[in-house]
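Next come two complexes, and both contain chain A; in the first it sits with chain B, in the second with chain C.
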Partner chain A sequence: MRSLEYGDEEVGAKEIMFAVPSMVIGIGILFLPRSLANETNFYDGAVSLLIGGFLAVFFTWVNAKLASKFPGKPLFSFVPLLVPKPVVFVLKMILTVHAMILAAYEVRMIAEIAKQYLFDQTPVEVLSVLFLLVVVYAVSGSRVGILRLNILFLPIIYCVALAISFMNIAYFDYHNLFPVLTTDWNGYVAGIKQSFFSMQGFAILLFYIALMNKPKEAPKAAVKGMGMVILLYLVLFTTCIGVFSNDSTSTMVFPTIELAKEIQVPGGFFERFESLFFTIWIMAIFNTAAMSLDMTVISLRSMFKKLKKKNAIIIISPMVYLICMYPQSFIEIMGFGKIISYSGVLVAIILPSILLIIAKIRRIGES
Partner chain B sequence: MKFLFGRKGFSKSQAKQQSNEDFYIGIFKDLEKNINNIQSSMHSPNDLIVRKIKLGTTDVKCALFFIDGLADSELINHQVLPSLLFEVKKSDIHLSALPEEILEVLIEKVVSNSEIKRANTFDELSLALLSGDTILLIDGLTDGLIIGSRGWENRSIEEPLSEGLIRGPRDGFIENLRTNIILIRRRIKDPNLRLTSFKIGRRSKRDLVMAHIEGIANPALVKEAKRRLETVDLDDAPESGYIEQWIEDNFLSPFPQLMHTERPDKVVSSLLEGKIAIILDGTPFVLIAPVTFGNTLQSPEDYYERWMVGTLIRILRYIGAFIAVFLPSIYIALVSYHPGMIPSKLAFSIAATREGVPFPAFIEAFLMEFTMEMLREAGIRLPRPIGQTIGIVGGLVIGESAVRAGIVSPIMVIVVAITAVASFSLPSYSFSISLRILRFVFMLSAGFFGLYGIILTYIMINIHLVNLKSFGVPYSAPFAPNFLRDWRDLVIRSPIFYLSKRPKYMQTDDKVRFNKEGESS
Partner chain C sequence: MNKWVNALCLLLLSILLTGCWDRVEIEERGFTVGVAIDIGEDGKVEEQKTSHVYKGTYQLVIPGGLSQGSGTSSGNLPAFQNLSLSNDSLFQQIRYLAQRTSRSLFFEHLKMIIISEEVAKTPGAFANIMDIFRRDHEMRRGVKILIAKGEASDILQYNTKTEPLPVMFIESIVGNAPKNPLMLQEVRIGTVHKFLVSKDSFIVPKIEIKDGKIDVEGAAVIKGRDNTMADFISGPVTEGLNFIKGDYKSGIVKATVDDFMVVYEIKYAKSKIKVNTDDPNHITFDILIETEGVIGESFGNFNFTDKEVLRKAEQAFREEIKKSAERTVKTLQDDLKIDALGLGDYVRRKDYDLWRKKLIDNWDSGENYFVKSDINIKVKTIIRGTGGIIQNERD
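Our next item is the complex of A and B:
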């Protein structure tokens, strides 16, 4: 059979491969070099990054494996096969709340950074409501459409991210990277935690693999996608340390955006590359926000079977807006980020692992 | 009460009409009755010609009907009438007095036209008559003959005005359906070229032909196109644009979901890619479906020139499309919100030229773009000899006076001029109109929210694009869904022998165009 039929709402392995980095790359990488530099000496963060990355790859595989065991079935139609009903309900609640807070966090963050780098006078409320409206428009379209948007945007995001690394080569001082392996164990562990947190988001696999026409290919594609993320993070972290050195990186709020600030465009075509960089990075954050809002809609609709998609969106979006307006300061917003990281551990690691083990033991689903 | 009576009266007259229609459907045995019937149904127009004759040596009365001007009178005078009147006498064909047998003999032995058929309903006859055919009715028979005699004045085949090429075939479609089909058939001598006929228009009964190549086009696509064409219910379709708007997927989209062209070579290459063509009688514009975003920026000339030239021109067009959409909005965003992003020297000179300008950048840009659009529209509407005046007036108004009067800055004039030139560089007119609409949307969003507004609008348009479909084919293919192999013929145009496969996004039946190694291997 053909892999893509006319008008069918199906996706191939490529869409899944692109969905993982699109979901993962967002706000996290903008400040990850800072948190890594805080915990480790010199370039040792790379070790934490690689180990954290390896963990992320493993759990990506777990998620993909679990979802691909039940072809054509989204998370909430196969979970009842594995665990009793009350547990399923709690799971739905947790996922709805997690995804909603995640969407709100992305929306708020984008407004904050936009205010800092693009608009210093427009209020955050206006900036975030505009962004939220665009996300709502995306979610009210088809689900496959969101996955296709990833394919459209991700190459642009990678191009601009690699461009800021490449264009900083002139300022790159490799002395900043040495000496190696001077950090103590606690530093590494903290670094692993930080990098693992910024690689979360692969829980979307549980929702989107159901759309695949060949779910068997899912684990491989998802792992490949995660590999792309680690590569990008590594490049950006290396550039940050090489250009700014560990000490100054650890004092910057968004070291990755600061990298763009350093760039002199050859020929003086335009200045302040960081505004352009952030403008394009909005696409990355948009992908994350759109998929998390979509997850919220799926989870909410699984609890209320008769709820139409349109109504679900109408109910959820004001809630997301209220949540995203709740934090009053930047520190509070970062606190939000922490909550999401910890609940993400629950949603994307503990639950899928347990479910996979149950499925293995009870031999449910295709092997 | 009166109302009720009125209703009653209405239904009565309707019933009468109903019975009248029944009355018309068949053909009478009596010839005079038939003549009266046809004449009165058309209210005896003076171009309806009824020629009564007696067949050969017999005494059987019959009548020829045709419409002067629609039917080829040369053909009727020199071929149809002589054969009915004289050649029957000369030859040894025996016409019996029995009317039932006459018809067969006429078809088989007398009338020398290649196109001839029997008809027994009044509807059939009148449609044929109005299409330019000649009708032969015989006294005592309830069957009539339709003799093909369509022939009217046509424009000759000329080079299409709307799509100019430097290199490529010079012939273009004309208003006649038959000629247009011939132009396609002459290029594809494949028996699998399928032409499906439809009649469009309740009143106009225009011919419409859907062409596809069986074995290449995806059957699902062909079925869907047929289904959509069958639903068309219009009074008349003066141009294929009516059909396009009736069968397109999303009428709210600014993007064209069918392409139109006057060039047979473009139609043929689309057919070979597995697409379908819709040819309507009375217009030189042939529709091609489905369309993807990439198709709108392709021109047949890309393939006629060598691949490097084709590739470079295509890249140029993509840049042109980008400029046509984004340049004014980026100017607005940078000048009014992010002056820091402009290099300092340029920023100073822009600020200096904008010194006397009383408006914000958005109003300035809007005024100029609006004037530009108006000039463009005026240039099309004016008769050709005066058309050039508009160019001079426009050039003076935009280039000189507006700047001197201090309404706009010179930089703005440059921006508008580059935008206009860029939008003219696009091969598809309907697509460049879509981009013009989008340009104003972007200008508006840049006027309110600068770069942030531009990027959000850009994301929104992308959302729209990935959800848009043209006959079931995603509009954003082969970008997303991603078919890397099709990228060989997307932004770049690879050398001909690398294009050995048909586009994957079309899901064609026959996937291979030719053998890359050449015929021998």
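Our next item is the complex of A and C:
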């Protein structure tokens, strides 16, 4: 017996607009200022950030355009129309593995950060499993539920992130931003690569646009969502360079967290602003992890048609946990992040672009 | 039946809720508010890995001693306890001290780190000591840094009637810097981090116990190339430095007008620095110091409504401020040969190519282009008011 029936399993443009930043904002921005500062001089990383952001917006549009060509059809029901069956199977495999590793990476990373800054004695295994259980609970429910949760969480995440920048104004020294444009080309290119990597995750569009009632609005909404991400990244990067200077930013493991630690408001309550920041950021990671796990479930179920959702989750979760416990050190986890970045290029850029070109040439799907 | 099983499961699950690995009761935390680092005695530490042993003194708060007022029982309790230990690793000091106190040391509320002159002058030691205070997650970036003339641990012993904790007392004194131009504005560990990484020279406030009193006039100059302290500068030199850097908040300047003393109370000051890098061997800095203020005290019987008198007074104050700033420049260029003014930063912003190719290793070390540069100082003073009276007696 069901006491409550959920409403329509449909979403509007707003949900998609919020889903993109919710997915993209996660671990990446915590260390992006460091990677950018490493590659570029002074404030020049902003140039890389903007160019990288522009690329991300473009490919977001490609993904959204491709998915919106097939209204109401999830990725794996329209792909067979475009490419032969064996290719579809390989695609499903790649997506399953990619999404699974991504979920594992997010879980492990938040556990590591929580251990380093919040729970000194609690084993990282326990932190991971607790977080994973919460994520599993979210994924077990309605898919639209996750998307609506994004709308609830994202404004809070933005508030705390902008508060961090705002409360650091007293320590902001604009002298740190100058001189401008002193980096060589290699530096900019490396910076673009770093920024683009930290803006990945828009591949979720391929999965979630199928839930939309007006898919035509999807590309515009997705691009808006990506714009929000770029804005936030730019604000946080500017604050980091202005407050810490380029040199010290490049020596910090998580410059964005250090920004939260820098804040000192007299009165006592906000003396430990980073606690508040972590609490909120766990919500950001939660959204990312929930959507990646959901992606894994969708991909896996597309390979085994008879698999029930609950069973799929029961199969996947232990695997995610094992993968997330595999790296031994922080360096190895960062290596993990690199693998995800490169496989993300394959999943979110190369494949959708090829598929979109095929769809255009063969005139399949709505124009 | 099923309902009962479910209920039992939920009840059993609640057992898990009590588990918390990181539970530390607030009564068990040893809130450390101040740290003082001195050179420790050599050869007494087992398994010494570096050439220096540091003596760390940690000031812990005793909450019982803080509560004053109606209670009579806690009246005589001291509010703090200082623990000292020598070791080459500060982290090990902190761990070993846990054996000697009922409360484990907790650094989230650390207010200041005082480093002795001897330590700061040991090559590499300053940066090494700063490492743990930047690396550890408990440390915050707002901790103030001071350099002590003499033993740093003595300062944490300094007892006052007005504040229960020596650290609180020193913190209030350092916080008075905007009112006393002979003091340097407080320096936070976040700022120090920036300078340690960029290898620019910088200055840190000085503290010392002089004739039984705390004295915070003056500053310590840290040479950026090796992050080692060069020397202290006196209060008046610090004043000139504050003028040039634009850190001068408020203060007074005494001058003589027609053989009588007149005091100028500066309410607002700022500085503008322009740099010309056309000739690297003679980089020119044009520094314009602008001040605004009122007449604070006048010994001669001047009529300050007279423009001529006012102009004369302004002229006298200009000379004084200029003299003060030029003395600082002279000290830094001729004696210390270190750019504690942060002028290198202006060159870097103006001409990055020149900086990268030529000056980066030769600014205030090596060829020392800083000493070769010309620093011109101009002063603008405005007297906004004369105070409550115009003349101190009728003509």
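One rule holds for everything that comes next: the second predicted complex is superposed on the first by the 359 of 367 C-alpha atoms of A that agree within 3 Å, B and C clash if a C-alpha of one lies under 4 Å from a C-alpha of the other, contacts with A are read in each partner's own complex, and residues count from 1 in each chain.
We adopt the following convention: contacts are C-beta pairs under 8 Å (C-beta built on N, C-alpha and C of every residue); 3 or more make two chains touch, one makes a residue touch a chain.
All values derive from a computational prediction rather than experimental measurement.
In the superposition on chain A, A:Ser142 makes contact with chain B only, not with chain C. Shared-chain residue A:Phe237: touches no atom of chain B or chain C.
Once the two complexes are overlaid on the shared chain, A:Phe196 sits clear of chain B and of chain C alike. Contact with neither chain B nor chain C is seen for A:Phe78 once the two complexes are overlaid on the shared chain. In the superposition on chain A, contact of A:Pro123 is made with chain C only, not with chain B.
In the superposition on chain A, no contact is made by A:Phe254 with either chain B or chain C.
Once the two structures are overlaid, the count of chain A residues touched is higher for B than for its counterpart among chain B and chain C. Of the two partner chains placed by the overlay, only chain B lies in contact with A:Phe131; chain C stays clear of it.
By the touch criterion defined above, A:Lys14 reaches chain B but does not reach chain C. Once the two complexes are laid over each other on the shared chain, residue contacts for A:Thr279 go to chain B alone; chain C is not touched.
Overlap of the chain B and chain C contact sets on chain A: residues 118-119, 122, 271-272.
Considering their complex, residues 2, 4-7, 11-12, 14-15, 114, 118-119, 122, 127, 130-131, 134, 137-138, 141-142, 145-146, 148-153, 268-272, 275-276, 279-280, 282-283, 286 of chain A touch chain B.
On the side of chain C, the complex with chain A involves touching residues 20-22, 108-109, 137, 140-142, 190, 193-194, 197-198, 345, 348-350, 352, 356.
Chain contact summary for the complex, chain A toward chain C: residues 41, 116-123, 126, 171, 175, 178-179, 182, 243-245, 247-248, 250-251, 258, 261-262, 264, 271-272. Contact residues on chain B toward chain A in their complex (touch as defined above): 218, 220-221, 224, 337-338, 340-344, 449-456, 459-460, 462-463, 465-467, 469, 472-474, 476, 479-482, 507.
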